[in-house]
Amino acid sequence: MKWFISHDTLRSLFQETLEKDCGEKVSHCYQCGKCSAGCPISFQMDYLPNQIMRMVQLGMEDQVLSSRTIWLCASCLTCTVRCPREIDIAEIMDYLRRRAYKKQVIPLEETEIPLFNKIFLRNIELFGRLYEMGLIGMFNLLSGEFFKDFSCAPKMFLKRKIGIFPHRAKNIREIRDIFKRSGKLAHSKKDRLLHPKLLFLNLFRKFIGKIEKLK
Amino acid sequence: MKIGVFVCHCGTNIAATVDVERVSQEAAKEPRVKFSTTYRYMCSDPGQNLIKEAVKKHHLDRIVIASCSPSLHEKTFRKCAEKAGVNPYLMEMANIREHCSWVHQDRVEATAKAIELIRLALAKVSRNKPLEYLYIPIEKKVLIIGGGIAGIQSAIDIAFANYPAVILEREPSIGGRMARFDKTFPTLDCAACILTPKMVTVSQSKHVTMHTYSEIEGVKGHVGDFTVTIRKKARSVDINKCTGCGACYNKCPVRVPSEFDMGLGKRTAIYIPFPQAVPNVPVIDRQNCLWFTKQKCGICKKICPFEAIDYDMQDEIIEEKFGAIIVASGFTQFNHAVYGEYGYGKYKDAITGLHFERMANSSGPTGGKIIRPSDGKEARDVVFIQCVGSRDEQKGLSYCSRLCCMYTAKHALLLKEHNKDAQAYVFYIDIRAAGKNYEEFVKKVQDEYGAVYLRGRVSRIFEKSGKLIVRGADTLSGAQIEIKADLVVLATGLVAQPDAPGLARMLHIPYDRNNLFTEAHPKLAPVETITSGVFLTGACQSPKDIPDTVATASAASVKALGLMVQDRLQREPLVAKVDAKTCSGCFACIQACSFTAIEEEEIEDKRLKKKRLIAKVLEGVCTGCGNCTAVCRMSAIDLEGFSNRQIMEEIEAL
Amino acid sequence: MRYAYFPGCSLHSTAKEYDLSTKAVAGTLGIELIEIPEWICCGATPAHITMHLLSLALPVKNLLLAKKMDSYEVATCCAACFNRLKVANHFMENDSVHRDKVNEIIGEQYSGEVKVRHFLDILINVFWLKNLSERIIKRLDNLKVACYYGCLLTRPGEVTQFDDVEEPHLMDDLMKILGVEPVDWPYKTECCGASFSLTKTDIVLKLSGDILQMAYDEGAQAIVVACPLCQSNLDLRQAMINKKFKKNFDMPILYFTQLVGLALGIDPLKLGLNKHIVNPLKLIKSVGVL
Amino acid sequence: MIDRIKKKAEELLRTKQVDLIIGYKRAPDGVSVAPVFIDKAEETKELIWDTYCVYNLSNYLKDFRGRKIGIIAKACDARSIIVLLQENQLKRKDIFIIGVECSGIVDEKKLLSISPQTSELGFDERCRSCKPSKPPIYDVLIVQEGQRPQAPRLEKDPYGSVRKSEAKSISEKFKLWQEEFSRCIRCYACRQICPLCYCPRCVADQTQPSWLSRAHSFRGNFTWNVTRAMHLAGRCIDCGECERACPVGIPLRDINKKIEKDVKELFNYEAGLSAEQKALLSCFDKNDPEDFIR
Amino acid sequence: MTATEGSPERKRGKDKKDWEPRIVGFLCKWCSYAGADLAGTSRLQYPPNIRIVRVPCSGRVNPLFVLKCLVNGIDGVLVSGCHIGDCHYSEGNFYARRRFVILKRLLEYLGIDPRRFQMSWISASEGDKWARVVKELVEEIKQAGPNTEFRKGI
């Protein structure tokens, strides 16, 4: 048996909170499975999108937030445009990810994605525009895959597709203000942007992986 | 004016909270009240006898009964008054149970309120007028709109009772959708085998007249006296001369896709839709006939041994009178072209269930072979997709079309019967098989015919290398599924006919947001409409399978016959009435009447010494809603039973 | 015809050739594209995954910058930027709760008054295909391509208000005008894995590989795209796909602007055709343009 | 302009296209204007047209039902003719409308102080919120020639004063109208002058039931004025005759305007623009507002 | 009984302290009246301040009825019908809705407390809603105070 669902779970306010916060009616879902049928990423997911909807309906917050599925969603909106119940499933996935960030529950297997997102945003907060070199370098460094995509690098440089220096925005102060105020309004603490727990988890996993490979 | 007040204890229902004796005493003090009393159960026989005796003894001419809700016992006490010799409309009720004793606990308050409620009723009854029942004569003939299985069954039932029925069908033959089906679930008897005898019965009955290839143009009047305008479209073949020998269509050189065969087969320009057509008289399709398009050919006319072909035939407009109308206008298929993910209807090998029925039919266009329309090859892997259009608020209908689960199961079975090597894959959301032997049927299809049932809606279909790739999911196992199919059968939902709203407006019956006709009550009056004399049967009211359609057809027939057997129709006289002197003829009332129950009338105005137009209420049509009275600025139109004087008197008594 | 041009981060780096070709085409056709001064990143996918308000505030900041310019319509080429700008505009127009919050963050008042258009839309629906056809110098006959729209250009339909959601056809129409034959293929809006390029490269390889395979099977010689992320996944990762799935695709991934540029007679180098990883020049030569 | 009016009127009578012309003539005082009813071609000389022609002549049409009438109509008057047509009180073929282009008429009450030629202040208040100078319906249109008189300055918001009153507190509003209505002497001049009050028996005169108290108490006055306004909902075309006729100066137009505003805002309905349109209260839209309903 | 007899003073409490609001409800007999019946059958308790005038349809209610109630000193008037789409006569409530929004706004414009005239849609199955609406109505009218505006003929 995978799970035991208790009376308390069924009575939890997970679904209500979600519907109130993101305005999407999960209760409308009647489990037709069209989202899962069309999802391009579902082959990698631990639960299909429709199962996530069901789990939300049943109040299984812990299981949903620690699922890999919510991180693997590519926001391609295939599910959203085809849902016969007019539920914006991609938006719900977004919401679940944001909630998972807040609660710092991130599955061990999927730490790169949140890490990447944080680095990406930090990058923009610093430079205003994306600084690819910085992004890739930082990401490789913090994710522990130091030489990822190195084979591509020479080509990119040769074709002058990646700049070596970042863009310097004149209005950087305004941009940082936007970040600060958005964070304040969303009641998320700024230091969460690069949370040590996240980094640690990721490196730990990579380390385990390496050891297993050696075996 | 001598009013009697009768206060009911209703056991303890009223008496426990309301001091009925005091109420009665207080009522007696009101002006014009000659008699007042209480009784344990006023609606019981002794209670009613008490009223009758009091009327006799005290020469009462008006009655107020303080008891329960008029919704419950107004009719009882009206009858009681009538028996006691008081006009039934000189009785009013004070609702001191539902609106007083049951909703209050304080005895003093409740008693005081009960007294006031009686005072209100007294005020109203003092302005009541004696009214006489209305009687409407009845035209003893029933119109049936639609000649599918619903219309056919209705006609048979009415003819059986020896009343005349007229079937109006817009296609050249009766038979409707059922004539296109191959087999019927769950018994698998062939549709033609059970329908054709009924069609023949209709055509041979002396009580049934058929207007095929005809459309309804207008309806006037009301229950008992409908006047219907019918357009008999030019068939170009004289129905009285033609014997149905078939010489004409055997020689016709034109070939066009057959509508009856869903475009899978061909027909000629002069044609009968299908071999068992009733009447067995061809019709010329003027859009495609060479004579009408190019003034050439004329073979059919030359060859017809009975000189039945008449190229100059014109549409004919006739008017007929009916006492009742049965609407059996049926349904149409949901158009799946709105589904972009299923290819916008452009894939030839993605067909609908009705196409499949024609293919499965051994006398159909493919001779019973299940083929791919694109290349004519036999289909081996066939995917069935349920709920196309149904249960889909985004692109289709909110409702469940009710039959698709069953007909898809039937198709999966037929597929296997027609081709042993074939495999059926059915994508479903829920299987709804609530009917006699339905669940057993679906189980049989799964167990004995090996149909693979997959629980999930299909997300995408696309063409690749001559096959249709179907992407779905099975939510029970949590797997994505991709099937390379030869043929995809879409179980498209049932929708209202596109012209249903127009018909509804003609008949003054309401329809819902899906354009399905609305019954008078979803449970207790499922075949009636709010327009008396108009009844519903079949899928025009909601999706129905054949057994349900036949059942509602017989139900509607009984309702119509219930009118036919009466000499005249008694109606409550609670209708609007116009005061000629006060009416200015602005006709705000005509515009505001939802039932076209008001018309213009010319009168001789004695004061102005000239003719002028005023409003006139058609008592047979008026439903007594009173909307006209509120839009009339001069209060020239008033509603009997709820008249301005009655209501104003109530207000003054408050 | 004058637009405030929002290139987006990619067009200034990995997708330089998209920027080059867009400007070249616009210049030739007389469509004035004025880059929004000091524009900033729209936040892309990471923003809306992480902080909803931020994902609205960043595009709105750009729209406000555009509003301060004379022209009121914004042109953009990147499908992801287009989607984010459109979504932000949709919220600012229709959702007062979010509008108030975002305005508070930005410190200015905005309610969705700036219009956002994709350059493809401008070319077809503002400049008109017919006008374009009159300007063509070299017809690109003998070229068969798969038009790949990606997932973000048309979805969700009510927000982007751009082409058909399930079967978009604007790019196909454009190709036909140029003389190019678009193949009718089913993967026009399939996802390439875009945002996972760095994080979940496996997924990207699988999805992009499927797309390349489908285009190849349907007989396309090249894939035409309107999104820099799709381009980089299909182009940059093609070698890795070949390695992983043991294929040998040699499928150039072109921007629609590059093909339009070629037909207008613009020098291929000015269109950045030398900047691709999978070299398209061989193919271009084979159809006789060079 | 007047010459062309006279010529047309003369022609209509002479060729028997109409039996009667309703128009304006100079009143004996030499300044103000009175209605005139002409059935002889030679009498058309009497006709005049100037900014003093305040009356809405369509009020007289109902008295001549069945005869062919020619009528001189300003834009506002023509709209009341449309309402009368809409309500079957007239037959279109029975009337010949001589439409006159109008650039505002004077307010008699202001006349004593200021002349209309010198200042726009002399114009009637309602002309400042009236857009059309051309009648929406006519058989022949007489346009102004040469130098047009200075048209009154248009108010940006025709309902500005209504909005102002709406903003007042409930008790302020009550007090205001209590004072206004308590002056009412129930003379029914507003009813007599209104071209759209044509009921054979007004509810105010009915006794069975007695809809409103006939005593000129505040209760009765209030009921009468609300009844009158409600009966004009979606019909009043703001010709201003009621307010002009009121001997005690109750601002009746203000009430009419309030309803006109609501009707326009809630239902996008304007009275007297087309004879084919359904009466406001005899039709509905499925999306009518219902936020006021529980 | 004639109009003048029904003067508001007749049945009014002398003192403001023991004043209880008097409310009139015009209820359509198919939905709202049946809904009130259901409240009774379900024994839902509500204050006894309301008197019901039964009408066939909310479309039957003439604005003059409402006006008459108010000038007679009734403290609150409620018009209640079927929900949109449920009208027994299919469209009556549409007409009522249009008619009464105009009246409601006009009365407010003339200084009548908007709480004194209200409308509701109550179906035959909404006994609970009926009880709730009456309770709320009584509460609101209590706050609005007695309708004394028309007491004296000034």
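To keep things simple, chains are lettered A, B, C, D and E as they appear, and every chain counts its residues starting from 1.
Going forward, contacts are C-beta pairs under 8 Å (C-beta built on N, C-alpha and C of every residue); 3 or more make two chains touch, one makes a residue touch a chain.
Since this is a predicted model, take the numbers as computed values, not measurements.
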Steps needed, at fewest, to go from chain C to chain D via touching chains: 2
Smallest number of contact steps required from chain C to reach chain E: 2
Joint neighbours of chain C and chain A, given as chain labels: B
Relative to chain E, chain with the most remote C-alpha centre: C
Winner on C-beta contact pairs when B-C is weighed against B-D: B-D
Chain B and chain E: spacing of chain centres that average the CA atoms, whole Å: 36
Centroid spacing, where centroids are CA-atom means, of chain A and chain D in whole angstrom: 68
Chain A-chain B separation of Cα centroids, rounded to whole Å: 53
Residue numbers of chain A (touch at least two other chains): 43, 78
Sites on chain E at which at least two other chains make contact: 2-3, 63, 68, 91, 95, 99
Shared interface positions of chain B, touching two or more other chains: 341, 460, 592, 631, 635, 644, 648-649
Chain pairs in mutual contact under the definition given at the outset: A-B, A-C, B-C, B-D, B-E, D-E
Partner chain D, residues of chain E touching it in the complex: 2-4, 63-64, 67-68, 71, 84, 91, 94-95, 97-99, 101-114, 118-121, 133, 136, 149-150, 152-154
Chain A-facing residues of chain B, complex: 341, 387, 391-396, 429, 455-460, 471-475, 478, 480-481
Footprint of chain D on chain B - complex, ascending: 581-589, 591-592, 610, 612-613, 631, 633-636, 644-645, 648-649
Sites on chain A touched by chain B in the complex: 30-39, 42-43, 47-48, 50-51, 78, 82-86
List of chain D residues in touch with chain E within their complex: 162, 165-166, 170-178, 182, 203, 210-213, 215, 217-220, 222-223, 226-227, 229-230, 233, 255, 258-259, 262-263, 266-267, 280-282, 284, 286, 288-290, 292-294
